[in-house]
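Across the two complexes that follow, chain A remains constant while its partner is chain B and subsequently chain C.
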Partner chain A sequence: MTNLFNYIDRPSPIHRLTGATKFVCLMLWSFAAMSTYDTRMLLGLTIISMILFLIGRIHIKDVSFMLGFTLVFLVINSIAIYLFSPLHGTKIYGSCTYLLEYTGRFAPTAEQLFYHFNYVLKYLATIPIVLLFVTTTNPSEFAASLNKIGVKYSIAYAVALALRYIPDIQRQYHEISQAGQARGIEMSKKATLISRLKSASGILIPLILSSMDRIEVISNAMELRGFGKKKKRTWYMGRPFKAADISAMLGCVLLVCLSLYLNHINGGRYYNPFI
Partner chain B sequence: MKKFGVKHIVATGIGAALFFVLGRFVAIPSGVPDTNISIQYGLLAFIAAVFGPIAGLLSGLIGHFFIDFSFGWGVWWSWVIASAFVGCVIGFLTVKINIEEGEFGINGIIRFNIAQVIAHLVGWGALAPVLDIVIYAEPANKVFIQGLVSAGINIITTAVVGTLLCVAYSAAIPKKGSLKEEE
Partner chain C sequence: MSIGNEAELLLEFNDFGFMYNAQAAPTLYNIDLKLHRGERVLIAGPSGCGKSTLIHCINGLIPFSYKGQMTGSLKIKGRETSTLSIFDISNTVGTVLQDSDAQFVGMTVAEDIAFAPENDCVGDPMLHERVLKAATMVGIEDYLKHAPGELSGGQKQRVSVAGVMVDDVDILIFDEPLANLDPATGKQAIELIDEMQEKTGATVIIVEHRLEDVLHRYVDRVILMEKGRIISDTPPDELLSGELLSQCGIREPLYITALKYAGVSISRDMNPSSVDGMIIGDDAKKKVREWYSKPVEITEDAPSDELLSCESISFAYDKGERKALDGITVRINKGEMTAIVGTNGAGKSTFSKVVCGFETEDEGRIFLNGKDIADSSIKERAEHIGYVMQNPNQMISKVWIYDEVALGLRTRGVPEDEISVRVEKALKICGLWRMRKWPVSALSFGQKKRVTIASILVLDPEMIILDEPTAGQDYRHYTEIMEFLSELNRQGITVVMVTHDMHLMLEYAKRAIVFSKGRIIADDKCHNILTNMSIIKEASLKETSLYGLALKCGIEDGTGFVKHFIDYERHNIRGTRKEEAYDQSV
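Here is the complex of A and B:
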């Protein structure tokens, strides 16, 4: 479980916040970073998120793998944007400043560079927060705390069930796929696309049919224990909100307000230094 | 069956867990470098067809969220929402098929596939790119091409995997009236 979800158990002020708080903060933070393209705001968010990263006592080496993955993704995406639309920035900022003598389709412009800078910044402002959320939130506690922020407990319970059964299903899938491969099911590049899909279904069918049995057994067990009869329930992993939780959420609400306010005074989502 | 009961809650949870495992650990090379076939959409279509739109929506939402969550590359909201949307639409359009009662003939197969084609086309070809444009202000031609390619791959995957799953599951259920009184 801990391996699967990269949760790192280490005492820090961020770990002490409840899962619900961190989830709300993550959503608000993402919203603040998504809604604006204001360079100053994004720079600020990036710096704060890096400070929070230090407070959470997460080291770069804990997340280096995930970080590498994200950065590769970011680079590929940036290149794709440039290839598909090399003058996207000039459309957004409404001016066109060529940096070189060359003025063809792929000519670099100051606007395009600035757009790419903002695009990268937008990710840098959210990636540390997401990594922080992923590494400091205990998944079980997260499911328990969803209920507290207004998610119906049946849905929070479905989340908890998913977390509970992921390792089981993973093990079962592994067993079935090895049995299938021992009997000669080919899933590598040697087979054609359609036959690969067919053999994947050959592994899936036993997995799904046994999962349907599992659904039957679990739901009978839950029904026998009277699940869903009352409006509320308690959670083993649940924790009450503390002052730190409330102030963290308020801080994030303020960030969203700031972001919306900046959109208002910039007259749009972009901060335009070219005017 | 259209009531969202205990069984549907459990199906949502298990469906999300299956979606997660298939999406996270099962990599079938598609031939294009670094692109894997996501067979989890075949499963999602199956769950949606059997347990209805709400279970489909939530399985896609929770499963996809956990995939992004466990890779740690940031939660890609535009694509998470598109997954949930696909599950929901397939669930709505297949309400009339009673797979859980063992009925899934030629009619069912056609209906199921029409539903999944519509869901994937709208979800990946329109919804996800539009969200990408709104959230990240990416250029339109890039996200629409990305979206249409993934819609195409997902349609083929669902057509093969999803249909086979539905056929296998409906065959495993005793049909209504399959028992006869002894004369």
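Here is the complex of A and C:
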């Protein structure tokens, strides 16, 4: 079964960073990648992100489901942009170079294709980092480090618990839906979308009810063992920030600065090779 | 062990009572109870007798999570609990909850054990030391980095115990520690509790209705509860020599039942709390032998036609991983009542899933009434083979009983007038007809179970497979559910039960199929299986105490003795019990 959030425990320098470091880096990295359309910067980020992905020792097959999902989304998005705004690139770069003899509204222009290229690069620069974060961050260690950077521990623990229960709930959903199918609740691709949505409620109600039972048990178990007793708590999985954490975050801050600097010298978010 | 008056008084109830805010009548009345340091106490009673409420009062969940009115006094170590917080109490009282799966808080074993000291702000290196110490105490130190899903039921329980032992508590509470364990693991759990008590000198309170299993190790007192009151508080030997147990619907140990059938009266000086330590006089032994030699009239079932046949089925959840089923060949005949047993992960549930079409076999063929059903969908198979999940809450999706039972017919497009006829029939069979206009939420667990069975029966299957039909039920509800299933079986429906419960096997199944590591290691009459040491060991079952009794009374053929017991019960006892249970349900 495919788990959406699946921590994969393999020894790597990325795994050794604390969860909070990875979270801060993810935020900075995304900001750097999102704030610019400078092709050189995006290409650089894409290449680095792929190298980091390799360093993290995560294989494509570990993340195939999420990767496929985002790529399909990317393709749909690109097509939509082209259909609704085929002259967007021309507007941005201020020139119009037709690639074919045909010159209608939907005629391909070098500017539009370049814009699309940049758009795709933005995704490619970010996706590996998101996947890396999800697969190399141990939920409990993440909670510990969130708490360390100032998030209340009850919230941090709730995040960790939620992550921990996702596989359980997926498994339960699977079991309930099988029993439902036996009674004729059609969930296969044969049924129409509407009837599938309707049937889904037949599975969600038992899923919610049995989850409520579990929530009661777990909250009792936590209280009985002193959760909430003090203003602070310690973490078995907590790790101190190390030099690598500091340098990783500094590196990401530099990337953001670089991205902002490029926006400044480009006189906007776009790098224009057509001038 | 004797507890002198000099032992410290840890827990003292004085004319204590409790009423939940949402309820009209109190759940506990006039509780007077004293527990001293180092005592081992078993609290037993039928469902709804107030035993869970009582322990919630001790561990502080009442009144901190469940609100209500307390009367009288309850003191822990001399301090009135109403002046304490749940956290103060948790320093003295440690609770191991019933469901060790659901109470797992940490991602890994180590984190789960560390949970309490973490909340107490214990820092490193103390934290890691204490976790290791507690883990070593219960023998789970090699699994510190494992996730709960990778552990067996017994290991999970060890982790839960370590999680409370990590604090030096004075009182350890175990809430139905045997509920989800197979027989052999249950035995180990009782041994573990015993060992922990010896190591720490703590007071141990076990809440459990499986009396015989708890008495596997020494217990000072058994507190019997009924309808919110303590009705007896005696050493186990005294309790077993009286009649109170059967009156409040607690199952007495099987060897005691057998002795009573043989006409032996049980007295306190026989030490009846364990079959090994029991003193059985020559006179009583003679009575048992006489009882054994008296033949019971039994009607052998005529051989019937084959219903389901599986030919070398193999299945793995992930390609390349260990096979969950490995060359399963088995046939089930029409009208059988069969048990499938084995440890967790032995392949029992996987087998049911493959038969119902939830999973598709990698190899092998399945025949139903001689026809290969490889091409039948889940929905089509369900019209012949019904599957009832362990937890009814996982199956029920409608608000009203009638709609819930009608669901399977409506999705199949059956006309409403035919639906009403078939639903009526199913509801009547299940004793739910007078409740047909009720919402499902108004029902008890056992009644919900019957709703799920009705919703399967309405499709007219020839066979139903039930996953742990009686898990977590007390003796009365157990009997009610099982007599109901026997009645269905008499009406011609083939019943297959996946179970851990050895009593269920002995009393209700004619045949048992034993799974171990994805294979069938035995397929035989129950009395043969439960007296075969190598199968018992491999399948994590437990030898029945009847066998021990037979040997003790000089009967060499222990297997024959067990068979005699089963036949005697079926012939003389069961019929009457059935009518009682059925009267209550209809």
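Following the convention adopted for this analysis, the second predicted complex is superposed on the first by the 225 of 275 C-alpha atoms of A that agree within 3 Å, B and C clash if a C-alpha of one lies under 4 Å from a C-alpha of the other, contacts with A are read in each partner's own complex, and residues count from 1 in each chain.
Just so we're on the same page, a contact is a pair of C-beta atoms (placed from the backbone, for glycine too) under 8 Å apart; a residue touches a chain by one contact, two chains touch by 3 or more.
The structure displayed is predicted, hence computed values, not measured ones.
The wider contact with chain A, measured as residues touched, comes from B rather than the other of chain B and chain C. Legend: residue contacts after superposition of the two complexes on their common chain; A:N138 is shown touching chain C, with no touch to chain B. Residue contacts after overlaying the shared chain place A:R183 against chain C, while chain B stays out of touching range.
In the superposition on chain A, A:L209 contacts both chain B and chain C.
By the touch criterion defined above, A:L54 reaches neither chain B nor chain C.
In the superposed model, A:F227 makes contact with both chain B and chain C. In the superposed model, A:K198 lies in contact with chain B only, and not with chain C.
By the document's definition of touching, of the two partners only chain C reaches A:E175; chain B does not.
In the overlay built on the shared chain, the residue A:T70 is in contact with chain B alone; chain C does not reach it. In the superposition on chain A, contact of A:L99 is made with neither chain B nor chain C. In the superposition on chain A, the residues of chain A contacted by chain B and by chain C overlap at 160-161, 164, 201, 205, 209, 214, 218-219, 222-223, 227-228.
Residues of chain B touching chain A in their complex: 4-7, 9-14, 16-18, 20-22, 25-26, 28-31, 37, 39, 42-43, 46, 58, 62-63, 66, 69-75, 77, 135-142, 145-146, 156-157, 160-161, 164-165, 168-169, 172.
Only residues 138-140, 160-161, 164, 167, 172, 175-176, 178-186, 201-203, 205-206, 209-210, 213-214, 217-230, 232-237 of chain A touch chain C when the two sit together in their complex. Those residues of chain A whose C-beta lies close enough to touch chain B in the complex are 4-6, 26, 30, 34, 37, 63, 66, 69-70, 73, 77, 80-81, 83-85, 88, 92, 119, 122-123, 126-127, 130-131, 134-135, 154-155, 157-166, 168-170, 173, 187-189, 193-194, 196-198, 200-201, 204-205, 207-209, 211-212, 214-216, 218-219, 222-223, 227-228, 269. The part of chain C that touches chain A in the complex is made up of residues 59-61, 64-65, 86-87, 90, 94-95, 97, 99, 102-103, 105-108, 110-111, 114-124, 127-128, 131, 149, 163-164, 353, 356-358, 378-379, 381-382, 386-387, 389, 391, 393-397, 407-408, 410-412, 455-456, 459.
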